[in-house]
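Labels run A, B, C and D following the written order; every chain starts at residue 1.
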Amino acid sequence: MIHLDALNTGSGSDFVAALAEIFEAAPWVAERTLAARPFPTVAALHEAMMGALVSASMDEQLAFLRGHPELGGKVARAGTMAPASRDEQGALGLDRLSDGEFARFESMNAAYAARFGFPFIIAVRRHTRDSILAQFERRLTHTPEAELAAALTEISHITRLRLVVAVEGPGTPKTEGRLSTHVLDVVAGRPAGGVNLVLREIGKSAQSVLAEAVTNADGRTDAPLMSGAPLRIGRYEIAFHIGAYFAASGAVSADPPFLDVVPLRFAIAEPEGHYHVPLLASPWSYSTYRGS
Amino acid sequence: MIHLDALNTGSGSDFVAALAEIFEAAPWVAERTLAARPFPTVAALHEAMMGALVSASMDEQLAFLRGHPELGGKVARAGTMAPASRDEQGALGLDRLSDGEFARFESMNAAYAARFGFPFIIAVRRHTRDSILAQFERRLTHTPEAELAAALTEISHITRLRLVVAVEGPGTPKTEGRLSTHVLDVVAGRPAGGVNLVLREIGKSAQSVLAEAVTNADGRTDAPLMSGAPLRIGRYEIAFHIGAYFAASGAVSADPPFLDVVPLRFAIAEPEGHYHVPLLASPWSYSTYRGS
Amino acid sequence: MIHLDALNTGSGSDFVAALAEIFEAAPWVAERTLAARPFPTVAALHEAMMGALVSASMDEQLAFLRGHPELGGKVARAGTMAPASRDEQGALGLDRLSDGEFARFESMNAAYAARFGFPFIIAVRRHTRDSILAQFERRLTHTPEAELAAALTEISHITRLRLVVAVEGPGTPKTEGRLSTHVLDVVAGRPAGGVNLVLREIGKSAQSVLAEAVTNADGRTDAPLMSGAPLRIGRYEIAFHIGAYFAASGAVSADPPFLDVVPLRFAIAEPEGHYHVPLLASPWSYSTYRGS
Amino acid sequence: MIHLDALNTGSGSDFVAALAEIFEAAPWVAERTLAARPFPTVAALHEAMMGALVSASMDEQLAFLRGHPELGGKVARAGTMAPASRDEQGALGLDRLSDGEFARFESMNAAYAARFGFPFIIAVRRHTRDSILAQFERRLTHTPEAELAAALTEISHITRLRLVVAVEGPGTPKTEGRLSTHVLDVVAGRPAGGVNLVLREIGKSAQSVLAEAVTNADGRTDAPLMSGAPLRIGRYEIAFHIGAYFAASGAVSADPPFLDVVPLRFAIAEPEGHYHVPLLASPWSYSTYRGS
């Protein structure tokens, strides 16, 4: 990791070398940003680099976009992408698609390339597989102008994520989201400690457990349910085992208890947002909301 | 269907003939109830018949209990039970068990018979298959005295259900439960009409759709989600498609919407109770409770 | 009370005589409605009468409006208004204003007459004194055209209220509102019976108790808190004594209890609407909403 | 302020001099605590001093209690109490009682002294005037044994509050409470910023404004509504001006708005507790709870 000060005061070639990988296979972006030094913040550096891309000629922009690998395509299967792209696609299993899924991606990739002339680009780390597929289908309906803008917005997300791990310094742009919860026992008027809960992604194909936790004395989990990275756009469920909690607390219920495992299902749409999804419960009622 | 008045004023042999099938293969229960005529209510008639059973000798009571078919057992498979029993067991598929399930029932039936000397009896129409299995396992742990009392309580439920379809008249005992819902839009401060919802039983093995409905202008369903019979003890889910509702109403949400299909999961423990399970929702919050 | 059928089939002079008082001092409204007989509904009769007024010449309309008494003015004090007007104004105490209030009404009446050329007319039975004053101030800012329309809308409300007590028959227009409540105990999952509650109007000057009630076993009051007449536009409070309820039920709370008398404050804006304002409470939490 | 280390390592006479005022007019409490040095925490020091009091002879304990001024009595009026007592009583206006109130306190003081032989002692800083009167009436019904224990518990509260401003060091006992709030807009799914709110004590005699605030972008107030001291046991109201908030946000409501100024009324029973009393609101619904 290099410090922003070093980039601001070092040689031009060091600057370009340090930032060459941020924009995939396009060191000219760093080169054209050089003259705007010094940058007061990492965010300002990122904006300047995006400015260099956006003010490049249309041919240069298209060439840059064409330098990106297809999503879930043959290159992904072959594992010959740039390491950052490989890691990003691999985390969603896009390098290990079933034959049917592979065919679907190939079909969309082909349609997309035919329509727009460059591969479908998306900041994979901000998405679940479901939301990538939804975006892919939606963006295939765009006009070329709208889609070019959409692709550049994704490039901005992708490069911001790369920049914040490459450069440290003041004004680092926000790239991390957070999902938290707390459980309140409205019978006793206090936080509900000792409640088991499970966070799952609720995808079209499968459900995967993302976190399991037990609430502490403050009714919260010791760590956020998700943090330290962008939240992936998608659908989630937190299942709260409040039947067991109230049985242990001696609260009045029924047999079987009216409420046992309470599922809260919600979607995350802002990868850099804070989602607080609490449960306020009695054995006979509950409420939830997006809090802060 | 015979009227209570006819039973009260007709001949003794007509009385016994009319009620001979209420207590399975035990016309003597009707015979011993005869002297207590007239009965002011159908409920009083039922209490008197149960009184005749409970005040019979222990040998008579055990012989009566032994006259019942096993649950999910060979007789059920063979279809040679009394018609009422056959219908009751058939509704839960207890006459069509898989080999594994059949083996489990056979094993529990054998253990139960060895411990208590009569077959496991339960008012099947008040239960889901899950709650029958849960009850079976629990009752195997009873003392003989506690289990005899439990069996007679079930006989009371079974015969009450038979009596109310055989005899009409005042004071009919309550045998029907009701599940209802309503949806309130707290953004607009009015009932949410046009919300699609689906009621499912959430069993350990499978989920079956019990009702699909759309809320009317009053935010309610035109008919209760369940009614006209005992509610089956078990676990249920109502899934409310409020994402589509709010999208149509133009309320502020996100993409994808924070709330889309909201599942409310709850258990029914009182077959003759009224369960009102409403949803009060905005695009970002909801609450529910057991209402009345 | 005369039946619509009698109006439809009787003589023209009987028709006019029966309806002469509906539009204050303007029997010509009934006369001009006569030709449109028969009327299928009471609502249709009312619409026809309003149609006769609205299609009269501007001079006739202004003369009609000028035939109305001032609100809270000298005529009200002197008690020389038509009986219906006297009762309506008297219910709000507009015939017994303090000298300061009288002066304020006189001042607004003078300003209104100077601006519009007819007295301020409002369907008093649909308003609290506060909302009359608020409307008076707002309507003083109207253009003459907007204010003429506002005055005719009020005439429609006034005459509808008079018509429904003068004429019976099918299709009676809705003139009554309703305020109801229920209390739910979310600790026990059942209606909260035995809760004392008090309904007050919360006016700028004073608070008057409109109803006191105790919830029944269904958590409701035996009768609506207000019904049988238009609800008066204004601000209200229901105070629920849930501290005493939970103390009696043995629920966990504190000393003094976190919640004792819970006030719900809300405004009524639709005199003919149904306002259901429930309280869902534990000793430590509560919620409310406009229900249906 | 003296540091615990200095007390632990200094001369015995310095120790006694520094702590002589903690227990009113009873330097012997400090003297008898001296031998137990060193104290690892300020809380341990306080416990040791209370231990010295409780293990003193009954005559010494009674003499100590008798050294306290009456509450709201002649001494308070004359202003001749120890400065700490004067400040504590003065903050509630107990030195400026009306003649009627003075007479009531005199009467209770006389009854108390006749029954128990020492003056009524209470940690004034943990109470509102209402709760002092309620406690006074309740404690008059105690047995002498229960009341001696109650008086010593109050002494513990009083001296803890004095000690934490006299001595700094590790393990300072908790003497401060906190009241906070936040407002959530469930229509927009975000904190409600810019909401005016007013905190009042709701006493039997009068209402006094304790804080006025506007919520910030996070829906919270920049500072807790009360903090930095014990919360006074008593009844409170926070009035939230959400009608104005929703009018400004363009949310759907009515005229007048269904909800305008929403009052949340609650009691504080734990002076050292954290009370979080949020409001989750739409223009047509709201909920609150004691949170954490």
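As a convention for this text, a contact is a pair of C-beta atoms (placed from the backbone, for glycine too) under 8 Å apart; a residue touches a chain by one contact, two chains touch by 3 or more.
Since the model is a prediction, treat every value here as computed from it, not as a measurement.
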>> Contact counts by the stated rule: is the higher one at A-D or A-C?
In response: A-C
> If you average the Cα atoms of subunit A and of subunit D to get two centres, how far apart are those centres in Å?
Replying inline: 48
> Between subunit A and subunit C, what is the separation of their C-alpha centroids in Å?
Replying inline: 55
> Out of subunit C, which residues touch more than one other chain, so two or more?
Replying inline: 184, 186, 189-190, 254, 258, 280, 284-285, 287, 289-290
>> Using the definition of touching given at the top, classify the network of chains in this structure as line, ring, star, complete or other.
In response: complete
>> Taking the touch rule as given, give the residues of subunit B at its contact with subunit C in the complex, in rising order.
In response: 182, 184, 186, 189-191, 218-219, 280, 287, 289-292
> Taking the complex as given, what residues does subunit D use to touch subunit C?
Replying inline: 131, 134, 233-235, 254-263, 265-267, 269-270, 284-290
> What residues on subunit D touch subunit B, complex-wise?
Replying inline: 184, 186-189, 251-254, 258, 280, 282-285, 287
